[in-house]
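These notes open a run of structures that come right after.
There are two complexes below, and they share chain A, which is joined by chain B in the first and by chain C in the second.
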Partner chain A sequence: MTTERTGTRRAVDIVVRSVLPVVFALIVGGIILLALGKNPLKYYGDIVVNGVLGGNLQNSLVMMTPLLLMAIALIVVFRGQLWNLGYDGQYLLGAVFVGGLAPQLIPKIGLGPSYIALIVLSIAVAAAWTLVPAWLKARFGTNEIITTLVMSSIGVGGTGLLIEYLFQDPAQRTPQTRTMNTADMLPYIPGTKVHVGFIVAIVAAVVFQFILSRTSFGLRLDIFGVNPKAARHVGINSRTMTIVLFLISGGLIGLAAALDVMGQWGYVRNNWNPAYGDTIMPFVFLARLSPVGSIPFVLFYSIFATGGTVASIDSGLSTDFNMVIVALILVFMTITEYVGSKRELGQSYLPDELRDAVRRPFAALTGRSAQA
Partner chain B sequence: MNDLLTAAFISAFLVACIAGAVPLLLASVGETIGEQSGVLNLGIEGVMLVGAYTGYAVTIASHSVWIGMLGGAVGGIVLSLLMLVLNTLFGLNQIVIGIAMTLAGQGITSVLYQEKYAQSQPSISPDRWRIPGLSGIPAVGSSIFSASGMFWVAVLLAIVVAYLLSRTNWGLSIRAAGQKPSSLDAAGGSVMKTRSQAVLLGGFFSGLGGAYLSLISTGAFTPFMTAGVGYIAIVVTMLSRGRIWVVAAISLLYGVTQALGTALQLGGISVPTQVITMLPYLVVMVVLLIFARSVYISPVLAAPYARGAR
Partner chain C sequence: MSSSTGVVALKGITKAFPGVVANDNISLDIHSGQVHCLLGENGAGKSTLISILAGLQLPDAGTIEIDGTPVVIGSPKTAVKHGIGVVHQHSTLVPSLTVLENLMLGETGLRLQEKRARARLEELSGLLGASIDPRLLASDLGLGQQQQVEIAKAMWAGSRLLILDEPTSMLTPSAIENLAESIDRLKHQGLAVVFITHKLREAHQMGDCVTVLRSGRKVGFLSPEQMSGFTEEQAQAEILRAMFGDDLSAAGGLDEAADLAGASEATREVAAIDIDEHPVILELDGVTSSGRTMDVMVHDVSLQLHQGEILGVAGIDGHGQTGLAEVVAGQRAATQGAVRFDGADITKLGVRERQELGARYVTDDRLHEGTVGNLSVALNLVLKRIGKPPFWRFGQINRSAVNAEARRLIDQYTIRTPSPATRAAALSGGNIQKILLARELGDGARVLVVNKPTYGLDLKTVRLVHELLRSFAARGGAVLLISTEMDEIVELSHRVSVISKGRIVGHVDNNGSGTAEKVGQLMIGGGNDD
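This part shows the complex of A and B:
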């Protein structure tokens, strides 16, 4: 991988290898559409029309806000070789507190203080939900993939309970929280229909890019990610690091939830789960765990999701077709990765350390050395 | 509360218990084989859904639950080929592929169901084996001894796998591939071959588990019907550390938590459905907290093996 090449050549390689999986996925997705008797060109055309044109791009940007924050949340833990797969539970718990409290809190303490209080609360709730997996991981090395998934399921169930028994809108028959007044929701960026949360998300991406690549914390995080044992020798406390990373990740997911509920939805319905984390994960890898680098990918998926929902309803497909495309991107990403690493092209999607991410904790847990 | 212990009640409780436990048992047995050989299949949720869907589709086409079960198993094997090729042969990241499999399984089954069956929503008539003599016993007779033939097949399969894993050379190879693959290589075995068999068997059992869920437990397919059973199977596998009897015991416990919901409803006690769905996860979390120290995980689990690599 140390072949000398010019900067442009290298950049082209990286772009090709990031875009190729998406192209392949769209082609295979098109074949599946054909097999289902749909016209793929019309379907993809519909996506562009409904996701970009005629002001629809603004809808896509609204969709992008939680997705980008979710992407940053994943990047932070993935860089530290930790898997936080409990995003659904963390997001929904944050969201349900915001949706449940906002309509009652705003008349009492005013808009500005309510926004701040609810955002802080949502961040705290989502971050707190990562604490048990983080502690188990830090203390015993218990596999965080499993514990975060389990905690997520508990969180999703807890959200339903909170809606039905605490935040239920008495005027509604269906289980849901009270709906915020349209006037009380996050203000639009002047001249657009995109709420200010979008700016927060972009700023967060830039800030985290800076933190991860230009600060001592970013360096310590990378050292911890590459080798937790080496990290100990330069004075990084692995346990603290693990817990801090999980808290940051959970906090960002809480921020995403608060902005999304107050900016886009206005309420939380029972059994509603946007599952942002699952769908955004491949793009986080394609962006090579760079917060700013993930912006174009998240924008692409936002357009795809926004336009795709309309396109699938128009053509009578289930909206879950988007999941098939995302799965295909993941598969082609790993294949491109395989071919790429064989030919030593460009840079790997998954840094070696991340590839070993699952193995090492197991080795630490058993006190044996991992053997390749 | 007094009529809680009538024969009809116990029978309903047992039926619900079996309906919840068997799909998890089958999936966990499959995941155990995979995990013993060093492959952590996070895509089991997707594999189960594909099994549930293909089983459903095949049953409707063939009018036979048994052919449907076979169809479900084949569907599970087909999706598992993805894991086989990309992970076992190419050594690519198991977590990413696992998530892709889950998404693919959820997405494609939901899309296909919407296309084909959403309008008609056909249901499958229950297949029951009334065992002569025994099915006359109160409570137990109308539940366990009138269960589907697949129930007995599932129990038998679990026993066979338990025997194969712990008492045969093949089981030894599987465990070697999962504990120290280089030693299996040195002994003249093939890690690739062993893990490939394990992955396909995992797909077979997960598909079968999914098909059991749609064909026998509920009698119809609905999108996302597994609702996390696949993830529970991964946890069960991790807690049982390759011992099938533990897998069976935990699956049974899960069945009991599921049946509890039905039971309490019959008893006139209303419990929020969320509590019932959360219960198994809460139990798992408590178990993990208590036994955090002793959950053993093989150092080579989820690590691709390349012959001759150091």
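This part shows the complex of A and C:
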């Protein structure tokens, strides 16, 4: 059947469009490395060695936990065409409450109840931090990009204040929270050194995939995202939807923060900002805003970042070189999307007049009319 | 002005879009001092041809020659340079600017030369036989005046060819006469005019020669000699045969086709009903809507819609029709007054509750509001029943139930789609409109609000839509028919209310002749007061 054939063609198309930018970015990154006098093959080889081999994959999976949750958090709001860019503030506020309270709470109420209480608290704090932008957007249509960014800055600053005045570890001179006992941190998945938060992240990806693709809420969300006029027409309450989406997004970011602090770091230091959202953003789009689809991309980046940190130190580069690769992926993603959508529309890849300007000299040479 | 021998010639123009050849090897000569009518159904390729002439699109093949010299019109700027001016179907005036400011929008140069602009406007006003106050805000102009300004704008930089894209679709009968006069003046000034329409009687009335397009091909041409040689009936039959081709019998024979193509004055075509015997089902009582800033709000509207009745709401586009429809559908809140359904107050109910009660709304923006283009036809058909059994159980979609319902509706309404899983955006306008009607008319519909239900549709679909509305009313449903097509209002309505600037300015009982003129008078009268 024709629809089936076009179906598989579209699937191939999606894979090609998702993988190509990564490949191109690695090639151009290699050229840059060559220009800097480094051996790109050795560099990329180092990444594989330090990110995958000899148990290093487990480090990558630990890193993947907050990144995947952050990715889902962004996917949910982005699908509704709402741009929650306040992830840093939301993450750090959730994190600082967990880091600040965990060492004192655990001896009092025990491990299990503490985990649950802290996760709920972190979710609540991060979600609450999205309320102001969400309400402004829902009520007045205020641009949420600006309000979330502003709220994020306030949140980041507030984190410092909270550490200084509330959660400061008296035993330390640097501004940071108390540190959790290693034994009190989230348990490992048996037989590994990966904490159970990883499973939570994977389950969350599957659950949200189901919600987005198979439930009435997911369909309403998609209609709301791609076509607000139609959403109003079929009776979807845009105010409620806006607020709900922001709360879900913030909540997932809070979950990421709680699992990350209790599973990996054990404390929160002032002026610390992992900026997970910034790094994960291009991959969210490469995955076409699909939670499960984002898993391989997040895994790729986690390996790349884990191995890349060591590789860049080994070859005497700044660790920021990884961000160069991420930026290159973004650039090539834009190009592939442009070319792809032009091809879908059956249009020329060049703007008409430019194409004409290019054609005319050739046409003159071959003696044909430019219009033919 | 160009010399009287000036000819703009299109030679073998071909333009294809994915899946459709919009223009297939079209050749025509446009002579100065002539009104060249371009006639054809929606989708026949008229608009594409115009956008090629206006420099909005380049043809895939073919050339344009002006006075015998081949030219490439690669941008609207080039088109203006060659003296080609276009008056588009929809107003392109900026409402918050004055007439003069609107006219000077396209000017280049560092300083605004207001004095020169005034002189040019005066010159053009003389040419058009219209008087336009340059200081008026564009939003305060009546529709006929707006069009005069649009024409002046198209001719601003000096013109040899004026293209009018369906200029009469929203005009009152008397405004159409004014327009015809203006066109006549321009013609005698030696200007070439291309007049696009889908109404036969206008083609006959205003055109010196007629080109008929069908499915992207030029299927008929009546030269000026033929036009003057034929009697009106002969010309009509000739044009109709070209317009419909083999479909002539499908359209219901020559007479029916003539009717569809607007060859004659419209008359009422619904069976008369005794309004008093039918209970009121929908009542608006002094309703004022809340509006966003640029929208026209509804002020103090009172209407009664009886069962089995089609109530036409006539008015110039953008005079609160959408607001009225949305207030009934529940998409817009009423700040004052009450909306009653079966005697019960539903003012506070939302879209979904009213949908359940049986109040349905077919929006005029069928592409961007009525359907979600990226979703399948099947999902679009159940768009207003999201989350409801049997299509959703415990929040989870039941695809087989959705598909079964979709297949049923696709069969019943003869929606032409490759499969229920096809993206709605891939369908033609007519089939998208059928999706909307299928969705709104099914499952306990009692009141149907339709907003410009046949706008931009091909004639066969127009016929089908009219048939659906009539039979819905005959079964006891009530229809609020909001339309800017006078013919449609006259053919379908039992009674007509006229809306202007968000207010109902009068009612006309649609019995006997002269309804169009009465309605037209109300539209103009309502436009001047306030």
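Operating definition for what follows: the second predicted complex is superposed on the first by the 334 of 372 C-alpha atoms of A that agree within 3 Å, B and C clash if a C-alpha of one lies under 4 Å from a C-alpha of the other, contacts with A are read in each partner's own complex, and residues count from 1 in each chain.
One rule holds for everything that comes next: a residue touches a chain if its C-beta (ideal position, glycine included) is under 8 Å from a C-beta of that chain, and two chains touch if they have at least 3 such contacts.
Values in this document were obtained by computation on a predicted structure and should not be read as measured data.
Judged by the touch definition given at the top, the superposed model places A:V49 against neither chain B nor chain C.
When the two complexes are superposed, the chain touching more residues of chain A, out of chain B and chain C, is B. Contact with chain C, but none with chain B, is seen for A:I223 once the two complexes are overlaid on the shared chain. By the touch criterion defined above, A:V331 reaches chain B but does not reach chain C.
Once the two complexes are laid over each other on the shared chain, residue contacts for A:R214 go to chain C alone; chain B is not touched.
Of the two partner chains, chain C is the only one touched by A:V234; chain B is not. According to the touch criterion, the shared surface of chain A, contacted by chain B in one complex and chain C in the other, consists of residues 356, 369-372.
The touching residues of chain C, counted against chain A in their complex, run 17-18, 58-59, 61-63, 70, 72, 74-75, 329-331, 350-352, 355, 361, 363, 365, 368-375, 379, 383-384, 386-387, 392, 395-397, 418-419, 421-422. Listing the residues of chain A that touch chain C in their complex gives 2-3, 214-217, 219-220, 222-223, 226-227, 229-230, 232-235, 237, 345-346, 352-353, 356, 369-372. Those residues of chain B that touch chain A in the shared complex are 40, 42, 82, 86, 90, 92-97, 99-104, 106-108, 110-111, 113-115, 180, 182, 223, 228, 231, 234-235, 238, 272-275, 277-278, 281-282, 284-285, 288-289, 292-293, 295-303, 305-306, 309-310. Residues 32, 36, 83, 132, 136, 139-140, 142-143, 145-147, 149-151, 153-154, 157-158, 160-161, 164-165, 278-279, 281-282, 285, 316-318, 320-328, 330-331, 333-335, 337-338, 350, 355-359, 362-363, 365-366, 368-372 of chain A are the ones touching chain B in the complex.
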